[in-house]
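Quick one: the structure is below, questions incoming.
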Amino acid sequence: MNRLDTLRGPVAPLDHNARTIAALAVNPGCDRRALLDAAGVDKQKTAAYVGHPAPFGQSPFAITRAASFDALVKANGCAHLLRLLRETLGLSISEAAYADISDVGGNDSHQMRHTRTRALLKRAAAGGDGSCTLFDHPLLKLTVAGHEVYLEPSIIAFQIEGRFHVVEIKSFAVVDDQADAGQVAAAARQSAVYVHALRELFAAEGLDPERVSHDVVLVCPKDFANHPTATLLDVRQQLAALRRQLSRLTRIDRILEELPADFTFDLETQSPDEVGKAVGSVGARFAPECLSSCEMALFCRAEARGDGSTDLLGRTARDALGGLESIPAVLGLADESRPPSPEQLEIAEQLRYVRRLYTEAIA
Amino acid sequence: MIAETPAQAAAAATEAILADFTGGAHRGVIVDSPPGAGKTTLVVTAATTLADSGERLMIVAQTNEQVDDLADKLASKAPALTIGRLHSDGFSVPARVTRHPGVTASNKIEHVEACTVVIATADKWAYVTGRTWTWAIVDEAYQMRSDKLLAIAALFDRALFVGDPGQLDPFSVVDTERWAGLAWDPMQSAVAVIARLNNLPVHRLPVSWRLPASAAPLVSEAFYPFASFRSGTAAADRELRLTTAGFPVPWDRTLNEAAASGWALHELPSRHTIRTDAEAVQACAGLATRLLQRGAVAHDENGSHDVSPDRIAIGCAHNDQVAAIRAAGIPAGVTVDTANRLQGREYDVTIVLHPLSGRRDATAFHLESGRLCVLTSRHRHACIVVARAGIAELLDNHPSTGRVQLNVPVKFPDGWEANHAVLAHLSRHRIEA
Amino acid sequence: MPISKLGTSPPTDERTRALSIASCHRYWKTAGASGIDRLLLGLLIRSPTVELDALERRIAELRAQVRAAKAAADHATVRLLRAELRKTERAWDDALDPEPEPAQAPSLSVREQVHQALTLLGVPTAGKMIVAVNEAFFAGRVTAGQLTSLRRDEEKSFRTSPYARPYYLCAALTSELLSPARGLLAVSTWPAQIRIIGPLSPRTDFLTSAIRIAEHIARLIHAGEDASLAAYRLLTGMAQNIPGAVDGFDRAEPAQVIAAAGAELTIHRESDMHERGQAAKRAEKQLDQVTRLFGAGLKTARTA
Amino acid sequence: MSIMSSYARALAAQEGRAQPVATVRHVHLSAAPMVFIPLRLAGEAAAPLAAMVGTDPENPRLLVVPQPRNRDLRFAFMAELADVMLPYIEGFAEVVETVEAKTPYERYADAPQILVPSRGGVAFTKLLGRSTRFRRADGPYPVHPTVPVLGQWLTFFADRAEYAGSSALVAMTDALALHFATGQSPMEDANLATQLAWISPPDGQSGAKAALAAEDPLISPPAGPDTHPDFDGQVLEHAIRAYETSGSEAQVREALRSQLTPTWSLMWHAVRLLRGLPEAATVDVRWVRDREQFTRETARLAEGGSPRGRVDSAVRAAIRLADLESVVQTYEAQRAFDDPLVMIEHRVAGKAFTGEVVGVDAARRIVPAGKTRPAPRPLVTIRTSDPVRLSPGRKLFSSRNRKQRTEVVGIDGDLVVLQINDQMGRGASPAPGSLPEVGDVVCYAELDPGGGQRPRLPAGEDTPWTHGGPPTPYTPTDEDAEEAWS
């Protein structure tokens, strides 16, 4: 059995999707997260098991809204989408053919859909008769840490003059041509995963991967209405970041090497305490930003608090404190209760000075 | 086909630029000029060309130093030209400008407007009203914020915008996304705005006369991925010789490597430090001192000269680092400054305190590709980078979670990629201290 | 301040309602509606304002019919009549009530209302559009939820006694695999190629629907009436996605929509018809009578 | 973040309680501020769900939209909100004072102040303003006449919030962060409940523990504008359904009241905390600006001023940027000169220093650059233990006389020599009291509290070709007024 399977225990690995793959780039310095993700461990369950459930959730209103907007854009043979593509990319009127790959004759197995996706895209790329313009729900595949994973996409692929684009439909609003920068960034990272996977598919079919454009068509509701609007989103930087992170996943081997052979996060056989210890023995790199992106964050924060780590105060604070790792060290150096090591001399001097001024000013 | 020589390529580019500028088909022409690509020469050529056909011209630069440099060069190359140096109240124009008989310096436009060429900073031009010029040259236009251009654009009919796209973007103390995505976002550079709102021809100067053959390919690839350029000189044209032999100590080995290859990475042991890392600061100051002690001589296409203190610069990211290096004892005359202030300047040897040295996390500020580009493209002979080990890991661990605004053109190169490219190159010239 | 009076919902006044009922009546006349349709249409025109004794008479009548149908084991008719009975009883309740209720649901069964909408549109259509057309032209109250099991029920019924009904609400078939196309409903009496969905068909069918809706509105106008606000809203929404069919955010004009949609249709029609025709021929050859209507699948056919 | 504030955070973490980073209050606090806590429906851009609003801590007004997807109910909500807010805002447009100036003018003696829990509240206020200011009381989709007026005011407040030091619309978490360093990260400080848990934990409890407890959405529901997903799924959804079947708002109201009341108490608790701090010297100067802007906006609206366009034109944007930059610079300087604790940041960074005057050369006269005649340019020598990182030529100001221009002449060890450039009277020698004296303890900083002079920009109709030429001036259209709000 594979080491990673041992780690996870006898449950199926968690499926990857564009969101989880995009998340690889969120805190690439964290070995803990890298290992849990590579092994396909259910972090949500694990966090709850060790007593620090993740505070994540999605409002039913947001889910409904997203689904109804998606349906609206695709309704009536993608009427809205065709209009937007004609307006923004100059798609010619004759290009209107549409293929839905959410199932193949009622069969919605991944294998089946992926095969059909490949066939349809290949035919389209060859430009033969009956080649399509819009491909809804293409099922793509990606190699992540040595595993092949299917990407259940919420996208439409689309070709214009031989170039293929990814269309991403999101329900956050574009008000006066501006949208929430955090949400746009998340959309860009996810779209980059699809662009990347689509390019891999092209390469595997012997087609030029560059025929998949780095310009993604982002479709959002305009202003406060439901009317869809499209914006081109250049995801080259996100693609580069993704490629970097995917290539770095090989470092899992290095992390694994340092762990004992029977090491496991198996929730079936291990007590919460044991799982907590196992998770704790893999180095984390906690930052407050994790709280909004990683299911294990509350566990890691509690651990950082236990260690009195300066990580609790945020990345910039830690850098401002000259990289000192612990809060007691910061204060000890400041009040001279702790002798500085040779490499701490400078920061110690600054802290003593800051403490003197601070104490004076407070008095 | 016979390959074009650098000089031929540069001449062809200049000719095309002037044809577009004076041809009348466009109100503006943009010229992308990589480091040391003869931007000043182009400005001088354009000015004299216009002056020869009896036209009046205004020139805009961004700092007084740039204005004075230009005025000096213009007057030197075209002594017959009448040049008005317009300046602000209380500013004393340096002698290198006033020594030219053709130059009139004044803080009042009435005193200089009759000159064929009037030259001033954008800030000063903004106070000139009620006059117009047919022709304008805007120098360092990528450094100019678009709101500054807005204040002066009514003064001219047509303009040549010249600048280096790889350098630092203009800066604001205000952190707002209010105008993000608007074509006229005032926080963009002047060039970004005119290019988005007008369909203007964009030229580029294809040859760097400053950067040696050892540097041009790296700087071009890392910072100008879509506008490559080459060095105007061959490897054999430039040589940096240290007249005294060194000791087998890190500083001397670093200098030897830099003299031999044009690059050196002076690498200190990995450690997280405060910004004014004493060891790194000491290394920067010490390397400069030692370079002078060892009697560096620079040979180039114009002959040989001693590398004097004024031909050496130390560059860093922050003002407190500048102050710390100055306080660490540097030879008189050596320039120490931040990247922002080193833009557009040129030295024989530069010593760079790497913006990411000793940090645990990178911020957008430290990763900005323009900063590293400025720091690694000021030299004619060699560039020495002082850094703590561990930057590669820092880059690997850097989270890519930036914010993305709609309709804002993606900036290239990405700071991460550029940093990696430079670091990969430097690792071949590493001296462990 | 009486905040609640500030509302701006479009008026659902009696006039609009009356018009749409009338228009519906006329459409079905011209379309040559069947006897049962006429019968049901009669019910549809009734409104809560009908006097109480008339309603009471009708209730008695219906009760008798239910008993008769039950005796004849005509379960479909029983269901239909019972629904009708419930509605009439409710109308009677309402008539007792001095506060008049807003628009009453018409008394057609869901099945009939869907058929009505599909007949207007003439092409395989998704549930959402059926609901919209039903609301815009027939003052109907069909909800999307009511359509989910419709196709499955129809298939069941067809399998039990094939062709027992004058029409079935069936699937549209994908041109390549002849499997049921997701979410679309069609009418069994349509020519086979109409019920085939090729790659271009979603677009051509959308254009056709827009034309049919515009034509219907035009007919109403021609007859000196006008369509409901909902009808115009529907047409305008569609027209906005057809090049040249409407100017900016103006209300769409039927003639302009017909011209613009027709123009685009001309571009797609030939290859779409070819694809559909070929597939229809294959279907004729390869499929049995059930799958011809409800589709062949690699698995059991999905529900609509 | 500076080493000073990082140190204060570390100290807070260790002590289990937030530590001060200011000795005086840098925000204006009105005698009767209006607390406004808006909520919106998840997944929607600007669908208001509820708000708790009012000026009396004991008597909050709860406004709800029982079915947030219903556009009529939303506008009814906005009309109700206008009912609460407009009398408050317009109530300040009564008492005027006359300002003595070259041309004397009038301004209101006080102005409205709105407090929201966090930056999210500010952003949502802006969106509410944007979605209602174009509305009209006539036409095909009429709204109550007060709705567009409220939209204009909300836009005004959100715009003011972009100006550093303005107290017209304040995000409470920002105001608290100006004065307290917690033992958690700045990111977590955006949660009012945990931030306050650190600042004033319950007796006998550490800030860390109190903050952990405050993260429980059942104890401290989110301060908005977004509600907690579990609340949405487990409570709100059912309550809305109950409204739809029964027509009674009761359930929705109670559900939303439960979400808003805890934040309402926190807001007033924070107000009391801030009131406990003495007001900084220049707070009033900045509040005067807010009052002046309020006066102008009142006049503009009274003259039937049309709603602000969707985006700034090129000229408008450039002017605003210059304004924003100038107030940032002034605010930063004022805050440092008002508060020794804030000045520490600059001293540690080497941009400021405190020390004792050890020498004054009052008689020194030189010919300044660009001048022909000698003028007094006294030198002042200061001994300091601060690590000064200023180079000759840098322009400094001092808390002693915030208008007096000085520049660094030289630094020698712990001695800094400054040249005084102005504010010395018109005489041949410096006026008495215009210079520091030997023995004075002074603080000089590279911070300029005065706004610089700036050139005129072209009028909008003269926008040059470089910036796209003159834009079509914004005039409200029917389309704007009818914009869908679904």
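Labels for the chains are A, B, C and D, by order of writing; each one numbers its residues from 1.
Quick note on the criterion: contacts are C-beta pairs under 8 Å (C-beta built on N, C-alpha and C of every residue); 3 or more make two chains touch, one makes a residue touch a chain.
None of these values were measured; they are calculated from a predicted model.
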**Message:** Which chain has its C-alpha centroid farthest away from the centroid of chain D?
**Reply:** C
**Message:** Going by the touch criterion at the top, tell me which pair is linked by more C-beta contacts: A-C or A-B.
**Reply:** A-B
**Request:** Would you mind checking which chain's mean C-alpha position lies nearest the centre of all protein C-alpha atoms?
**Result:** A
**Asked** Hey, how far is the Cα centre of chain A from the one of chain C, in Å?
**Response** 44
**Prompt:** What whole-Å value do you get for the distance between chain C and chain D if each is reduced to the mean of its CA atoms?
**Reply:** 57
**Item:** Separation of mean Cα positions, chain C and chain B [Å, integer]
**Value:** 70
**Complete:** Cα centroid separation, chain A vs chain B, in Å, comes to 37
**Request:** Please set out, as single numbers or ranges, the residues of chain B touching at least two other chains.
**Result:** 274
**chain D, residues touching no fewer than two other chains** = 3, 311
**Multi-partner residues of chain A (each touching 2 or more other chains)** = 177, 289, 316, 318, 350
**Item:** chain B-facing residues of chain D, complex
**Value:** 3, 162, 311-315, 317-318, 320-322, 324-325, 328-329, 349-350, 368-371, 389-391, 455-458, 462-468
**Item:** Contact footprint of chain D on chain B as seen in their complex
**Value:** 27-28, 89-92, 107, 123, 126-127, 129, 146-147, 149-151, 153-154, 159, 172-174, 176, 178-179, 182-187, 190, 193-194, 197-198, 274, 319-320, 322-324, 326-327
**Item:** Residues on chain B engaged by chain A in the complex (per definition of touch)
**Value:** 177, 180-181, 271-274, 276-278, 358-361, 363, 393, 396-407, 409-410, 412, 414, 416-417
**Message:** Taking the touch rule as given, give the residues of chain A at its contact with chain C in the complex, in rising order.
**Reply:** 71, 75-80, 82-83, 86, 93-94, 96-100, 102-107, 112, 130, 132
**Fill in**
Within the complex, chain A is touched by chain C residues 126, 128-129, 174, 177-180, 182, 198-203, 205-206, 209, 238, 240-243, 264, 267-268, 275, 295-302
